[in-house]
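Some structures are shown below for you to check.
What follows is chain A paired twice: with chain B in the first complex and chain C in the second.
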Partner chain A sequence: MTIPLSRTQLALFFILLCPVNIIGLWWAVGSPLVMDPNSICRKTKRLAGKQAELCQTQPEIVNEVAKGAKLGVRECQYQFRFRRWNCTSQNKYFGKILQQDIRETAFVYAITAAGVTHAVTQACSMGELLQCGCEATRSRGPPPRLASMGPTEGVKWEWGGCGDDVEFGYEKSKQFMDARRRKGKSDIRTLIDLHNNEAGRLAVKNYMRTECKCHGLSGSCTLRTCWKKMPHFREVGDRLLERFNGASKVMGGNDGKTLIPVGQNIKPPDKQDLIYSAESPDFCLPNRKTGSLGTRGRTCNSTALDVSGCDLLCCERGHRDETVVLEENCLCRFHWCCVVQCKKCLVRKELSLCQ
Partner chain B sequence: MKSLASLSLWRIIILILPLVSLGQTFEYGWPDNYDKPPQCVDIPVDLRLCQGVGYHQMLLPNLLEHESMAEVKQQAGSWVPLLHKNCDPGTQLLLCSLFAPVCMERPIYPCRRLCENVRDGCSPIMAAFGFPWPHILTCDKFPQDDMCINTPNDTSTSEPNGHPPVCPPCDNEMKMDVILDHMCASEFAIKTKIQEVKRENMDRKVTLQKKKRTIKMGTLKKKDLKKLTLYLKNGADCPCTQLDNTRNTYLIMGRKVDKQYLLTGIHKWDKSNREFKKTMKKLKSHKCPAYENVFK
Partner chain C sequence: MAGAIIENMSTKKLVILGVILMLFQAFSFMVGGLIAPSPTAAVSYLATKCVDNEKTHHKNPKWFTPWGPDQCSKIKDFDEAMVKKIEANNIVFAIHIPPPNTEMSTWFQFLLLILHFDIAFKIQNQIADGASITIDVRLAYRDDKLSEWTQMAHSVEQRKLSCNFTAAKTIENEGRLYDCDLLPFMELGSVAHKYYLLNVRLPVNERKKVNIGIGEINDMRLVGIHQNGGFTKVWFAMKTFLTPSVLIIMIWYWKRITQMTRPPVLLEKVIFALGISMTFINIPVEWFSVGFDWTWMLLFGDIRQGIFYAMLLSFWIIFCGEHLMDQTERNRFSVYWKQVIPIVFGSFCLFIFDMCERGVQLKNPFYSIWASDVGTELAMAFIIVAGICACLYFLFLCFMVFQVFRNISGKRSCLPAMTKARRLHYEGLIFRFKFLMLVTLACAAMTVIFFIISQVSEGHWLWGGHTVQVNSAFFTGIYGMWNLYVFALMFLYAPSHKRYGDEQSSADQAGNSGEDTQLTTTITHVDGPTEIYKMTGKEAQE
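And then the complex of A and B:
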């Protein structure tokens, strides 16, 4: 008589044997469960005290935190898509990046904190969270004069609409991402992480813009309502990439509680700058310890001279050219009402791949 | 040695990485990569601008960035009177392709030619009401390829009209829906008689009698009401039978543009007309879509 394996043992067996991408598929199948707040809270048993508290008292906010982290990682992949390190989503290699204090670590911390700020604030405006809503703007002064709005004489305006309550998203990002801060302990790495989290949040909070809508008769601007809006997240990503390129190297001060810039006559980083303490590897070859996947097989641009060019991206190992033939929709036409009909075209694409 | 902060962040990211990796192809079909994607909703019965347009579902938010149905209705309301003018066969199609866009995987904009035809046919009438062709309908931004909305049968059959065109504010059907739409699209409405009509440059200046009753106050103030003078914009030479008859009482609608009050509609106050009586009764309970409801 064979003793049947329990479900837990079977799942464990499955996880241990399957490669990462199949685990990814397995997760995808269960994606509704993954996005369930209780499921997330259960799966992150060893959260720090404040995070555990948030999971118990405000699980729907934790749901938005997860969405924000996802938003951050996707933006990271977009911003680094042409670089040697391209914010790979492979678990173990990505985890190695987070365990270092290189520039790339700084970017991931910042973009994730920004993503959480953005997602939670967005959920407020969408009415998806009971704890928050639209930001009240009644007490503010008139919106700044917008040149594109034409002459303001005779234009009635008022604060209204659904202003983004970025303060709420900012605070929740702080509570969740900086949970370690509450304990009072500090080591250099924690100080760096907290700084970069804050830089990410400020990349959202300090760049609120005024959005206005004209709703007079026939779309005229005789009546206008304005409200505060977060920057688009692509804009946040662009800004943080700039900070990444200009990041400051720091080291611990003698008191063990402060960070000082490395190098003579260097301006100390301000709150919005990214900081790091260790030099990045070159990311040319696979290296489990550093989280480098290497650039072999990456698509590169044989005519570009920047980081996406073949010489730089392939670490001067050379590249090979390949021609692929793809079938694409072409000559699309909209027919009334309402279908889009396209023809199929064969398109030759020249690819350059790193050796 | 490992920072606990990094460990907890890693755990959060580990949870969502598989989802991110599977969606690695970047789909940025919509302007903002995080805002809610548009939803497919039925065109409501009371979105009068788009009844009978040829499809029954629309995208919300629409292509004019109206985010709620209340906002769509409020903004579409002032365009309904233009439909009644029949200035171009493609008017409704152009407006509804933006206010109530068809539900497709990606947005389908009106064709530039459709926009230009409607603009050329309708902007003179809009000018009579004091409206320039609005920025939201600038034709240059619409596509010229085949992936756009055009009039189904694109044959420009222009019927030469023997009569000179009636002044747009005077060219009104005695019909409840038309009058109510005009009422909502106007800022004020009064019951009064005409005292004098005079040409003034390209316009006609209409002086009203002292005795007036306010039907819809709107932006009008009491002191302005006393000495109210209305202008028929670009109406120096077009026919308007209502202005020729100073003995009748009229329902007069208007709006303020800069410092002038423009006539936007004039109907004979005809108590013997059943449709008119029905309209006046309905007027007491009729509510125009108001912008206050949209944003608060």
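And then the complex of A and C:
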């Protein structure tokens, strides 16, 4: 259930995450580097002093929400790197995408909600969020007599352990991403956005992998312990891209509270499917109204026949070939992380660019 | 003549006893299923990447804490490390156990840590075949949040990477993770402190090829497994209740045996030894772990279990042998050495294996026998030999059971022609053997069924409004069952004071001296009256 939120918290959520005109500024204001908690908290100062207070009381969660949003956008850019619309977020056009109900909007909402779920869950595992605890535990608590001794959370932890962190990440993603919209009017756009947010969260939560370890007598399986492991975020992106490709078009029901699929003999979308209500533009030419940047100057693959091929990507406007000379790292001595000792080499590359 | 209690007990009493034992059995299952939490808890830890800018390694190492007031300077990911010109040797992975706002407890009994690396695929930085990762790890503890950390273990360990990349090795798939196996990392046999800290380095040495060719590591993940405190309390309570129960029946059983004027026969000794080993496993020595930091308690528990299982398996062999009614050699342990050797040898192999693993971990908690090739081969050898011994034992046992049943069917056809005393004797033997066979098969089947259920199920069922912890029910139920088994065994197979038929014909005795030789060595025969009978007879004379 949703925690009842005060008006100032609603305002903060509004400022932080809702992509209407004023929030579009936050989403599309510049490079992902701007999406850091200091900037978010600095922007809230224009409202009232209480927003600064919220940033002080729960700065860690705001921190992780920002990380999650950044993670989602970065994954979006990877998954759409060969498509006409490639999830470029460094301009105002990105905000236009978020104001529509096209497929691309659905994907961005879902991947962002998934990113927040993932980032908050990771932060719990690192011990960076003190709020993670035994509230959502599925283990049985100690008998009521014992529960009266000491703080409840410590007793629960000692008696039966705590639940998976993903439950906490899921709940926080829900609170931050859905809060204002749940309170607002239930128009079609709100229902669609809530649905897609949930689909993104479930793409993380429903695909936790169970891993087990046998550690009984002489290592036998008389004693075996299992736990849930979160999928790598690249897997989540792959899964949501599949949902994007198979997204369902919906329209509002007569009661104004439900969504029904458009078209005959189409099954209703389930919780994990992405939904949209408007058709996407072709993204061939720049169009400020639709948020399309166009594909002029994009690198394409002259031998491929899929969406990254020159014919499709360039909208059959043709392409030109260029040869560029680049300076690249070569003869590197790699370690398992961090600084790499390399030499510089000149490399000739053949590029195909859309006309 | 006298037999075991089971032969002279009326059907009504036997049924009543069975019902009582069944109720206790159901109760022991319900204690685990409804009261206790699951036996173990697993907590996922993601290591924080701390930066160590100190160039020198002091003798007193600095401890890097992932969170809290004195936390280290950290980086979020290694892209940040590249920007800051940080090298691999400056990275320290820091893990604080337990998570924030919680404390470790002595009720947790042990702490097992499993290691998993997130290694990203990079075309130019792939995992070499047969790659091994070198881990420089320190473990520290403290008992309140303001103390200094005290080092309790330091080791440089190697673990073999076993990673598989399922997608195509193309530039598009860079950044995806390898599928790596879990690695054993650490096992503590006691949890005596409230807070633990791990600092892990992956030192790079190009000349010695240390940590070269292990791919690009994104993250280090640990899973901490410990016994749940609630389960420990239920388990200790159960043991504390069972110890006097089995002890009392053991004392009663021994008094029954010593009341006989003859020395105890082999089967009686073996049943008594089984009671001793059950009591040994029951004694709640674990209570000391709550007050003392004894790291060998896990190993001690394994040894006690091993002794009990060896004793139980030996009992079954000897019980079968002593019920071979035509066997001329009996009542001597040496008759069974061929069957008992596989038990002893198999148990010994498992004991050696346990000593090589858990025994060494008493000194170095990061040791794993599976980490080296020689260790893996030795471990596999011990386990395989133990498995072969188990198969041999099973074959021997099946053969002996077959022999006994063949013997029984042969004797059954002769029963009508026998004298009353001899017929009652053989019927008693047959009934006694069949009863134990049925009960043993039922207990073994129950153990196997619950083992399979606990492997397959999620660990808990929703039943009405209640959550049933299947795994806990398995442990408490099966443990209670074997205790009831030993209890019933000692009660029902204690010597009885009742006599076979009232009349005995000396003429029959004279004509069957050959079979008398056999009868004198069985559990049912008395060389003379019991002490009570002697006193009673004496009074009658006076």
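Throughout what follows, the second predicted complex is superposed on the first by the 233 of 355 C-alpha atoms of A that agree within 3 Å, B and C clash if a C-alpha of one lies under 4 Å from a C-alpha of the other, contacts with A are read in each partner's own complex, and residues count from 1 in each chain.
The rule is simple: contacts are C-beta pairs under 8 Å (C-beta built on N, C-alpha and C of every residue); 3 or more make two chains touch, one makes a residue touch a chain.
Since the model is a prediction, treat every value here as computed from it, not as a measurement.
Undergrad: Could you say whether A:Gly169 touches chain B, chain C, both of them, or neither, answering first, second, both or neither?
TA: A:Gly169: touches no partner chain.
Undergrad: Applying the document's definition of touch, where does A:Gly291 land relative to chain B and chain C: first, second, both, or neither?
TA: Touch status of A:Gly291: no partner.
Undergrad: Should A:Gly160 be classified as contacting the first partner (chain B), the second (chain C), both, or neither?
TA: Both partners, chain B and chain C.
Undergrad: After superposition on the shared chain, which partner residues are touched by A:Met126: those of chain B (first), chain C (second), both, or neither?
TA: both
Undergrad: Taking the superposition on A as described, I'd like to know which of chain B and chain C A:Cys226 touches: first, second, both or neither.
TA: After superposition on chain A, A:Cys226 lies in contact with chain C alone.
Undergrad: Given the superposition on chain A, which partner contacts more residues in chain A: chain B or chain C?
TA: Counting residues of chain A touched by each partner, the higher count goes to B.
Undergrad: Tell me the contact category for A:Cys337 with respect to chain B and chain C: first, second, both or neither.
TA: both
Undergrad: Could you look at A:Gly200 and tell me whether it touches chain B, chain C, both or neither (first, second, both, neither)?
TA: After superposing on A, A:Gly200 lies clear of both chain B and chain C.
Undergrad: So which positions on chain A get touched by both chain B and chain C?
TA: 78, 122, 126, 154, 160-161, 213, 215, 217-219, 221, 223, 225, 232, 234, 332-334, 336-338, 340
Undergrad: Under the touch definition given earlier, write down the residues of chain A that touch chain B in their complex.
TA: Touching chain B from chain A are residues 21, 23-28, 31, 34, 40, 43-44, 46-48, 51, 65-66, 69-71, 73-74, 77-78, 89-91, 94-95, 98-99, 105, 109, 112, 118-119, 122, 126, 154, 160-161, 177-180, 187, 189-190, 193-194, 213-215, 217-221, 223, 225, 232-234, 331-334, 336-338, 340.
Undergrad: Which chain B residues qualify as touching chain A in the complex?
TA: 2-24, 26, 32-36, 54-55, 64-65, 71, 74-75, 78-79, 82, 102-105, 108, 126, 131-132, 134-137, 146-150, 152, 185, 187, 255, 258, 291, 294-296
Undergrad: List the residues on chain A that touch chain C in their complex, please.
TA: Listed in rising order, the residues are 67, 78, 122, 124-130, 132-133, 138-140, 142-143, 153-154, 157-162, 164-165, 211, 213, 215, 217-219, 221-229, 232, 234, 332-340.
Undergrad: Flag every residue of chain C that touches chain A in the complex, lowest number first.
TA: 35, 37-48, 66-67, 76, 78, 81-82, 85-88, 90-91, 96, 98-103, 105, 107-108, 112, 114, 118, 122, 124-125, 175-177, 182, 187, 202, 204, 206, 211-212, 214-217, 221, 223, 225, 228-231, 302, 305-306, 350, 353-354, 357, 383, 451, 454-455, 459-460, 467, 469
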